[in-house]
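Going in written order, the chains are labelled A, B and C, and every chain counts its residues from 1.
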Amino acid sequence: MDQEIVRTICYLARLEIDADKAQKIEQDLETIIELIGGLSSIDTDNIEPLYSPLEKTAFKHEDILNSDNQKEKFLQNAPNSNNDYFLVPRVVE
Amino acid sequence: MSIQFKSILELRAMLDTKAISAEELTKETLQLASKLEALNCFVTMNKEASIKKAIEIDQNAAKNSVLSGIPLGQKDLFCTEGLRTTCSSKILSNFIPPYSATAVSNLEAAGSITIGKTNMDEFAMGSSNETSFFGNVHNPWKKGYVPGGSSGGSAASVAAGIIPAATGTDTGGSIRQPAAHCGITGIKPTYGRVSRWGMIAFASSLDQAGPLARTAEDCAILLNIMSGHDPKDTTSLDVESHDLTQSLNKSLKGLKFGIVKEFNLGDLDTEVQKRFEDSKVLYESLGVEFVEVSLPNISASVPTYYSIAPAECSSNLSRFDGIKFGHRTEQPKDLADLYIKSRSEGFGDEVKRRILIGTYALSAGYYDAYYKKAQQVRRLIKNDFENAFNSVDLIMTPTSPNTAFGFGSKGSQNPVELYLEDLFTISANLAGLPAISIPHGTVSSLPVGLQLIGNFLREDQILNAGHIFQQHSEFHLMKPNMEDFG
Amino acid sequence: MTWETVIGLEAHVQLSTKTKLFSRASTTFGQSPNTNVNLIDCGLPGVLPSVNKEAFYKAIRFGMAVGSQINQTSVFDRKNYFYPDLPKGYQITQMDLPIVLGGTIDIELEDGTNKTINITRAHLEEDAGKSIHDEFEGYSAIDLNRAGTPLLEIVSEPELSNAKEAVAYMKALHQLVTFLDVSDGNMSQGSLRCDANVSIRKIGDPILGTRTEIKNINSFRFIEKAINFEIKRQIKQLEKGESVTQETRLYDSIKDETRPMRSKEFANDYRYFPEPDLLPVVISDKEMQDIRDNFPELPKDKELRFASEFGLTSYDSKILASSKAMADFFESSAQELKNYSLLANWLIGEISAFLNKDNVEIHESKLTPLNLAMLINRIDDQTISGKIAKSIFEEMYSSGKTPDEIIDDQGLQQISDDGEIEKIINSVIKGNPTQVEGYKNGKDKLFGFFVGQVMKETQGKANPQVVNELLKKKLS
């Protein structure tokens, strides 16, 4: 786990680490990755991953409308909005 | 008559005999909570609405059912319509949900009164409640000691006798471990038993809601009401629900309890071992036969968990981006700045650590070695349990290797030290199995818990085993001395 | 040096379900901002997705029509990236186990020959919301109405060789998805759009060149222009001895050029993993059979049926059956009348000309099948002449009124009453003695003059057959 990797995952996660904590976090990540890395000694050839403890299938809903307009409630919770939209600093595409 | 330390059934009797009205009960509960404010159990109180609902319940007393007028705490990760829901995080410190979690709606529809939202580890990430943005919760048994986590506020408020029960969620032990550290009873149901709709996700394939209460019987009452199929959660099980209170008081004669060979209980603190042996003797006297079972991959459960849970969390927590709700940094320079500053200011260190680990485990080049590998090991662990349950009815372990510890004493140097506290509890989440923790004595005046893990959907068996234990012991009646808290 | 172009298309087809892929909010286009949004679409904490059955059925119908393998068990994955119109910080899509695998689509080339294009896969995913960048000073505004709308992303193999083929492929896709009732195919509303992967290599080179991806092109015309621009740009680049950068580009229709996207959000590690909030979705054998049993008629079958059922020429049948909107319109109109070939003539001739001029499809116009049938019937029963029918049609087309209303309002009924026409003929004969003289002296051509005069007097409403008969009698 080098600084470059930490920088990349920080970027992917949109997080920044305070300079004074950077070394500690790096070290913590290293320790945790080492813990997880211990799994490599277990033989998992031909073992299907278990992504959910329920080996069942999803319920499908009917294509029937069931929703009301809650625009005002949603926009109220937004840090910045006008009467119609959520607002963010202008993006240039 | 004081309402402190009363169970749901005791309060029910007081309400039914008119020894107290729902309004009086609610007001006294709120007073008790404010008297014991130093415990820091609650993040938000629901004073006016609680009293209003209690008055309505008094007016319709003829329609009362078991939970009518019973005050409850809701872990602050369940969305509650119109009532602030923070996950004990700065990023949600002003979030007022426009809807309620199914588990909460079910409890409220049954007449219970949500008196407040309980403190917790931030986004349920922690085993000591020390990661809360709203400060540590004290263990009612000892000031300056952790209540366990992440449902620390729920456990402490019940242990302090403020409320008879509270909801919790359990991703790796977050109901059972604080229940153990606080000397109360808590159950994590089978994955899919309680709807996750409205429960703010930490790790979707591991999270499960359940109750913390003074007795196994009260847990059965609450779980009856919290659970049930919910079409809004496609991982919610569509199974026939039985009244769990009907399965209590069944004889344990002839049941086989498994002791896990790989847990090396001999390595534990001798007093913790001793409590475990005592409980074994008690169960044997009730006709239980103990059998050694092997879970060969169990030692991998901690690393497996610490790959899967952060991976899911890293994605689940992406929606906290400062755009539609929650904290946004002041005057962002541009969009990138908005994301990075809002999230970095809004999340605490442990949450950041887990998001980063999860991001790493899912990133190109590492996915197979960490995330996929962990999900494969997870299947091995589940298979181990399936094999074990071929020969036993349930599995008994300590809930936690240690009692509660002092603030700041664990994990600050090395986070993995704290992660290992979850050794006994994590596997039930990985396999989706139900597990209960009941108090079974103290070590150095701090409670210790006994864990019973049941087979898939066999909450009835572990609740009954817990209930019978409580019929033949008084550990669940122990009360902390709370002079230090006012 | 000679170059060849390799193009692969990723088409996004918006499925015509009433509700979203993972919520039961409406998918109706053009609503006021953020009103078709529920808790799930807004990505609020604690919400969970559930799967829309109909979206699966539509995707499967497409797969069956192109001869794909249908994965009866399919799995959703999360694609993680941050963008303001992506409410959860991830898109739910299908990565390893898409619903549709393989299949082929035939396209018709300009020389009339066919080419078969292989489909790699088609998967279900949710659309993002919409960002509006230029309406508010200093801000981008987010509208989540579209967030969660079901999309079928259809990925072709890189087998298209030029812009025209790419357009032909998209047209074939458009025809297919509209006939299957999988999508309304409305390109101006974004119901069908595509990303084009374009690369250039020397003819005969076995290795593909570096490709660029042109994002989000939403009209046949722009597909052709964007790809042609990109081909020229890449060739220029290579001929200068420079390499092509692998990147995502946007087509600017005003400047008619492509340029690299500035936002870095797309240079990402998406960290796909199975969506833990959704269990695998399984389609039962019975559901598959139900889809097969209710399969919509495709253009070829429709063409044959139109010929046999309505006695249309093979040319008319083919044209009417090539557009879903036209075919549907024909069939509902046909229920109200007998003269099918007259109906077909009108649709293929006059009406298509009007629609082309306005660049709309028939179901988007003010015409209704019932009104058109009424017009055809009035021609057929001789209430109006063909000539007057055209002016009535223009009025119908612009106002949406029924033909009978227009006929009544403007008094356009054909005059077939012998007495009335006789009166007018008499006055015409009286008023034009010189011409009568001439006709009687053998100038047969003057007959047309008399007809014209009668028509003029009646503003064209006189039944021409009656006029002919009476005139002949009077002038002999």
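In this section, a contact is a pair of C-beta atoms (placed from the backbone, for glycine too) under 8 Å apart; a residue touches a chain by one contact, two chains touch by 3 or more.
For clarity, every value in this text was computed on a predicted model and none was experimentally measured.
Set against the C-alpha centre of subunit A, every other chain centre is closer than that of C.
With centres taken as mean C-alpha coordinates, the chain found closest to the middle of all protein C-alpha atoms is A. Once the centre of each chain is set as its mean CA position, subunit A and subunit C turn out to be 39 Å apart. Averaged C-alpha coordinates give centres for subunit A and subunit B that are 23 Å from one another. Computed centre separation for the pair subunit B/subunit C is 55 angstrom, with centres defined by C-alpha atoms. The set of subunit B residues touching two or more other chains comprises 95, 98, 205, 231, 234-235, 314, 321, 323-325, 335, 339, 359, 363. Counting partner chains per residue, subunit A has residues 8, 12, 14, 51-52, 54, 56, 58-59, 61, 70, 74, 80, 86, 88-89, 91 touching two or more of them.
Residues of subunit C found to touch two or more other chains are 39, 42, 44, 50-51, 80, 82, 84, 140, 142, 269, 271, 276, 278-279. Of all residues in subunit A, only 1, 5-6, 8-10, 12-17, 21, 25, 28-29, 31-33, 35-40, 42, 44, 47-54, 56, 58-59, 61, 70, 73-74, 77-80, 86, 88-89, 91 touch subunit B in the complex they form. Interface of subunit B with subunit A (complex): residues 95-96, 98, 191-192, 205, 231, 234-235, 237-238, 297, 300, 302-304, 306-307, 314, 321-328, 332-341, 343-344, 347, 349, 352-353, 355-357, 359-361, 363, 369-370, 372-380, 382, 414-416, 419, 430-433. The residues of subunit B lying in touch with subunit C in their complex are 78-79, 85, 87, 92, 95, 97-99, 101, 196-201, 203-205, 231-235, 311-312, 314-315, 317-321, 323-325, 335, 339, 359, 362-364, 367, 371.
Here subunit C touches subunit A in the complex through residues 17-19, 23-26, 32-39, 42, 44, 50-56, 73, 80, 82, 84, 131-133, 136, 138-144, 250, 261-263, 268-269, 271, 274, 276, 278-282, going by the rule given at the top. Looking at the complex, you find that subunit A touches subunit C at residues 8, 12, 14, 51-52, 54, 56-71, 74-75, 80, 82, 84-93.
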